[in-house]
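You will see two complexes here that share chain A, one where it goes with chain B and one where it goes with chain C.
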Partner chain A sequence: MSLTPASDIVGKKPGRGLSGLLLVAIPVFLVCWMVIWPILSAIWRTVWIRNDGGTGSSFSLETYVFFFSDQYSLNNLYVTLWTTAVCAALLLVICIPIALYLRFSTGKLAAYVQGLAIFPMFVPSIILSYALIRVLGPNGTVDLLLNAVNLPKIRSPYLTPWGPVIGLVWDNIPLTVLILVSGLGSVSNQSIEAARDVGAGRLATFWYIILPRISNSILVAISFTVLGLFSAFTLPYVLGPAAPEMMGPFMQRTFRDLNDPVMAITQAVIAFGFCIVFGLFYVRSVAKNRAP
Partner chain B sequence: MKRRAFMLSVGGAAAGMVLLPRMAFAAPGVIDWYTASDTNILDFWTNVVKPKFEAANPGVMLNLVDAGDNAGQLAIADRAVAAMQTSTDPQADYFESADPRLPAGAIDGGLYVNLKEAGLSNWSKINPLAIDSDYSVPYRGSQVLLAYDTAKLDPANAPKSWADLVAWIKANPGQFIYNRPDKGGSGGNFVRRAIYEANGKDPAAFTTSNFTAEAGEKALTPAWDILKDLSSSLFDGGAYTGGNTPSLQLLGQGAVTIIPAWSDQAISAINTGVLPETTGLVQLQDLALPGGFSRSVVLANGVNKDAAIKLADFILSEEIQSAVLSELGGFPGVAWDYVNQDLRQKYADVIPTTIPSFPGGDWEKAINDGWYRNVAPNVDRNA
Partner chain C sequence: MARLLVEKRIDWVGIGFAAVLSIIIVFPLLVVFTWSVTNVWRYPSVIPQEFGLRFWGATLARADVWSSITMSLTLATVVTLLSALICLPAAYAFARLDFPGRSILFFSFLAGHAFPKFGLLVAIAAIFLQLNLIGTFWGVVLIQLVGTLLFMIWIPVAAFQSVDRRMEEAARDVGASPARVFWSITLPQAGPTIAAAVLLSFVGTFYETEGAWLIGAPQIRTMPVLMISFINNQPVIQYGAVLSVLLWIPSFVALLFARRVISSGSFARGFGA
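Presenting the complex of A and B:
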């Protein structure tokens, strides 16, 4: 066997491709087994439905037709989309300033701010829910403080669609901040100094220098949080209204209380359909980064 | 390898071991016990039943496991059915409160022990009203009643009939809340009381087997109208809490004046200070809010079946049944003659003559789904 000069240069040795494949085989296998296969099986079970008599099965889209013609189910879908959109927007508004501050300031205070921003990650959502009821709920801490200075009570967000929004935003701050801070790492100090030298203001620096560099991170942060928000369960369950309910509690209730697994899986497939869009955003942005 | 790297990798491996799924096998002499009930029941077993039972039966231990909710416990039952088919160990011996008819076909399949024929020495003491099946032992009863804040509502004016309650709710908008009927029995039985109200106040009209789609439509629609009529007068113009505990929390924070609550949960909440001492309890006199008995079952394929049968017998003893009354605030499952005489005197007022009990099964599904579709969306956010 004679080695060609080209293979010598790029260092291609037999077996190396195989060990690379073996290394990725485990995650690929796990993803196929625990993600891809359940998805395919879920789609299969919702379109290949057992006939009334229990004898044999046939192709049918009736559960999807029911979902999209049932106003109650659609309301639940709308409130989920609304909550997700509002939460994602609020997260960006809150987290970009925090991330910018953490990126460009040094010193003790920044360390404390970082600690505070990461703190929600360590609070289980069930504890957070009950704490929020105590603080923002009727006659909660906020009401007591307002009352102490003779101000009227707040309109409590507890058991309204805003309850889960507040909880979910708080809960998702750490992940968003972490992703944005890591994205801001790619913005070099020189480029900002250069922009300042030619007279760019703070806003212009942000808009023309920083934002284009971190747009990818924003996309990643949004797709990550949206996936989490869409499937949120505990916070909407405890803090949200009885109806319309978010898809998480709705699926759980359909599955367990109404003993209707096929309908619950249908709801899950529909939720998955929305999530996959954001998953594709993420995959695209990663692939774009990888491209030489 | 450097010492530091060695320590790191050993430490990492040890930490990783903790995360590995642990193989669990049922240990002989350790009864795997599951409950779907609220924390007060688990506390009662942990603090009262477990020490007494283990003292009376040396060598037998109780492993108390919280299955979360009914569906969680049912998943354990499904696992036991699967284990039965493969003749393996279900790692479950005893359900604190379960319906032996579930999962479907469990009794015919031999999943549960026939306790009537298992030779329980205390079986004959059971209150005949409480027996539901030969496969389960009723050991505690509980009933929903109204808990209210005596600082805001004079006990003399507390509503004592459904009509009074409705009038009070409408006269005091925002001061009443109940939880979603599928998320806890206090709201669930309040909804069922409304269903009785809409159907001639006759608990006998509903049985496990008489549900049909038409009967459901006919019986439930007027009940939804009653509840929809109330919704704008509820807390926040039609809000419903997510469970028994959040309702107690709202009452405790003084946000509402009256809630429906389980008798046992309300009594233990008052005893532990979760609810203030000024909390009053009242039952409707025209037809009580429904309640029911909790019935334990023993799994026939459990490794510790014999010990679990002993446990089923033990909880019917006078000692535990008196504790159900005094510690738990529940009603005993045995006839009142088999409870401590002094206690019987003391609780004479709360001894119910009847506890209306609503059937589960198809009715439950229809009520849960119907309530969410008809009553829950009827929210007046601008009120």
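Presenting the complex of A and C:
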């Protein structure tokens, strides 16, 4: 899966360069028009604000000043950061053991565990939201079961910040497991056996042998999670509280309901800012894998 | 470690994972399925008082359900066809032709994945607002088309590159025209992988919720968008349950086809692992 060196694959025919460029022109144009341009335009429009009289524009950071001085906006930012951090931590705690198990096991049971771990990839998040409301919501299935054995109802996570956390973790298990399993593939059996032979326990083997070799995969998994979660929309919108809301629903409401596109793109640019490091790292590691 | 694996013993860890994951992953979906085949289920009964398919008839009789099914299928088909039309020739060019900027243009498709997605959608929506594309069919088509570019170019590029060049050259040597070589040699070999990419982009577009909601609502109502409004405003639980089961069908088809591709590990490498 890499772009082979062009020198191997082409006869030096004049005119081929032009036809190649023409063939890729439309997708490249779409990326420029619908990805690069909106981002540049968003930054431009939020720092070059039209004056009140509509007579001209001038440099101003007023929308950013407003965001960072408005308690409501700040609360939304905090809940987003909190959700992202909690989800990333939970995903690692859940997925590293699963990935370790899958790496060192074979057989039907391991195949079943792998099938289950990947399955959420085939459940659209909107169906997941609905299922979680039916199970964990008020008078949901968990309440039914608890009631049947005469236990009190749970404090439902539905419409609290924990609702989106549960949904987002569920939704992100497959990719995290796949990324970690793929990373564990580079840990050789010999290195682990060698460590065990000199008397290292399971924990020591994990800490000193396995962890350093999969640290890059862990970083990729974290980057992927952060990029996906920071502006998650559907799950927080459906499962989360009305206030404070995560950045995704917040941007949507500012754009559609409050009809304030400049403030909405200010929030988007702030989200870009918080994710830029993860985005760059992610792109770099994908590009490294695909490069010739 | 390998020594441990050879020993025949009960795999308690595996049983533990299998049990916990079964409950966490499968149970919520079973509950939704049960609701969809339930006529009456009142608290606090643990199982429904009356099973039945009454609400399938009621859901399928709703005009908004049918219009959303039609809208979703139309959108996904149009987006997938357009995407194939513009991406497959581009993928062929990336795999086989040399042109200035080939590498950087190839990696430019990653740009959309380096930013939090919804933030990018909001930035696009701000531009669509000036172009009067908000609330239009083609606005949603455009935004979903951009979401398919990466897969529809990267996967077919790999497919074209894995085609055996010697067979193509042999065909040329015995006098086949380039078009004939492409049609008879290249396409049959690259076909299955390209078909997987097309299926992936169809299913991905079918479930794309955020762009459709931000750009299309309320005029363009796809199945996932209708599902959101069912969750928010529909007191009859079964409608949502039946719609969930209907909504899951394309994913189920994809599941049947894609399982092998995904377990092979090359999929995760595509995500940079």
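One rule holds in what follows: the second predicted complex is superposed on the first by the 245 of 292 C-alpha atoms of A that agree within 3 Å, B and C clash if a C-alpha of one lies under 4 Å from a C-alpha of the other, contacts with A are read in each partner's own complex, and residues count from 1 in each chain.
Methods note: a contact is a pair of C-beta atoms (placed from the backbone, for glycine too) under 8 Å apart; a residue touches a chain by one contact, two chains touch by 3 or more.
Because the structure is a prediction, the values reported are computed rather than measured.
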item: First (chain B), second (chain C), both or neither touched by A:N139; value: both
item: Which superposed partner A:G185 touches (first chain B, second chain C, both, neither); value: second
item: Chain B versus chain C as contact partner of A:V238, first or second or both or neither; value: both
item: Residue contacts with chain A in the superposition, chain B compared against chain C; value: C
item: Touching partner for A:Y72 - first (chain B), second (chain C), both, neither; value: first
item: Chain B versus chain C as contact partner of A:W170, first or second or both or neither; value: second
item: Touching partner for A:R256 - first (chain B), second (chain C), both, neither; value: both
item: Partner chain(s) touched by A:L109 [first = chain B, second = chain C, both, neither]; value: second
item: Chain B versus chain C as contact partner of A:R45, first or second or both or neither; value: second
item: Overlapping contact positions on chain A, where the chain C interface meets the chain B interface; value: 130, 133, 139-140, 237-238, 256
item: Chain C partner contacts - residues on chain A that touch it in the complex; value: 1, 3-4, 6-7, 9-10, 16-21, 23-24, 26-28, 30-32, 34-39, 41-42, 45, 97-98, 101, 104-107, 109-110, 112-135, 139-141, 143-145, 147-148, 170, 175, 178-183, 185, 189, 192-193, 196, 205, 217, 220-221, 224, 227-228, 230-234, 237-238, 247-248, 251-252, 255-256, 261-262, 264-265, 267-269, 271-272, 275, 279-280, 282-283, 285-290
item: List of chain A residues in touch with chain B within their complex; value: 72, 75, 130, 133, 137-140, 156, 158-160, 237-238, 241-245, 253, 256-259
item: Complex contact set, residues of chain B against chain A; value: 69, 71, 180, 182, 235-236, 239-242, 246, 249-250, 253-255, 365, 368-369, 372-373, 376-377, 379, 381
item: Touching residues (chain side chain C, partner chain A) in the complex; value: 1-3, 5, 11, 13-15, 17-18, 21-22, 24-29, 31-32, 35, 43-46, 86-87, 89-90, 92-103, 105-120, 122-127, 129, 142-143, 145-146, 149, 153-154, 157-158, 161, 165, 207, 209-210, 213-214, 217, 224, 227-228, 230-232, 237, 240-241, 244, 247-248, 251-252, 254-255, 259, 262-263, 265-273
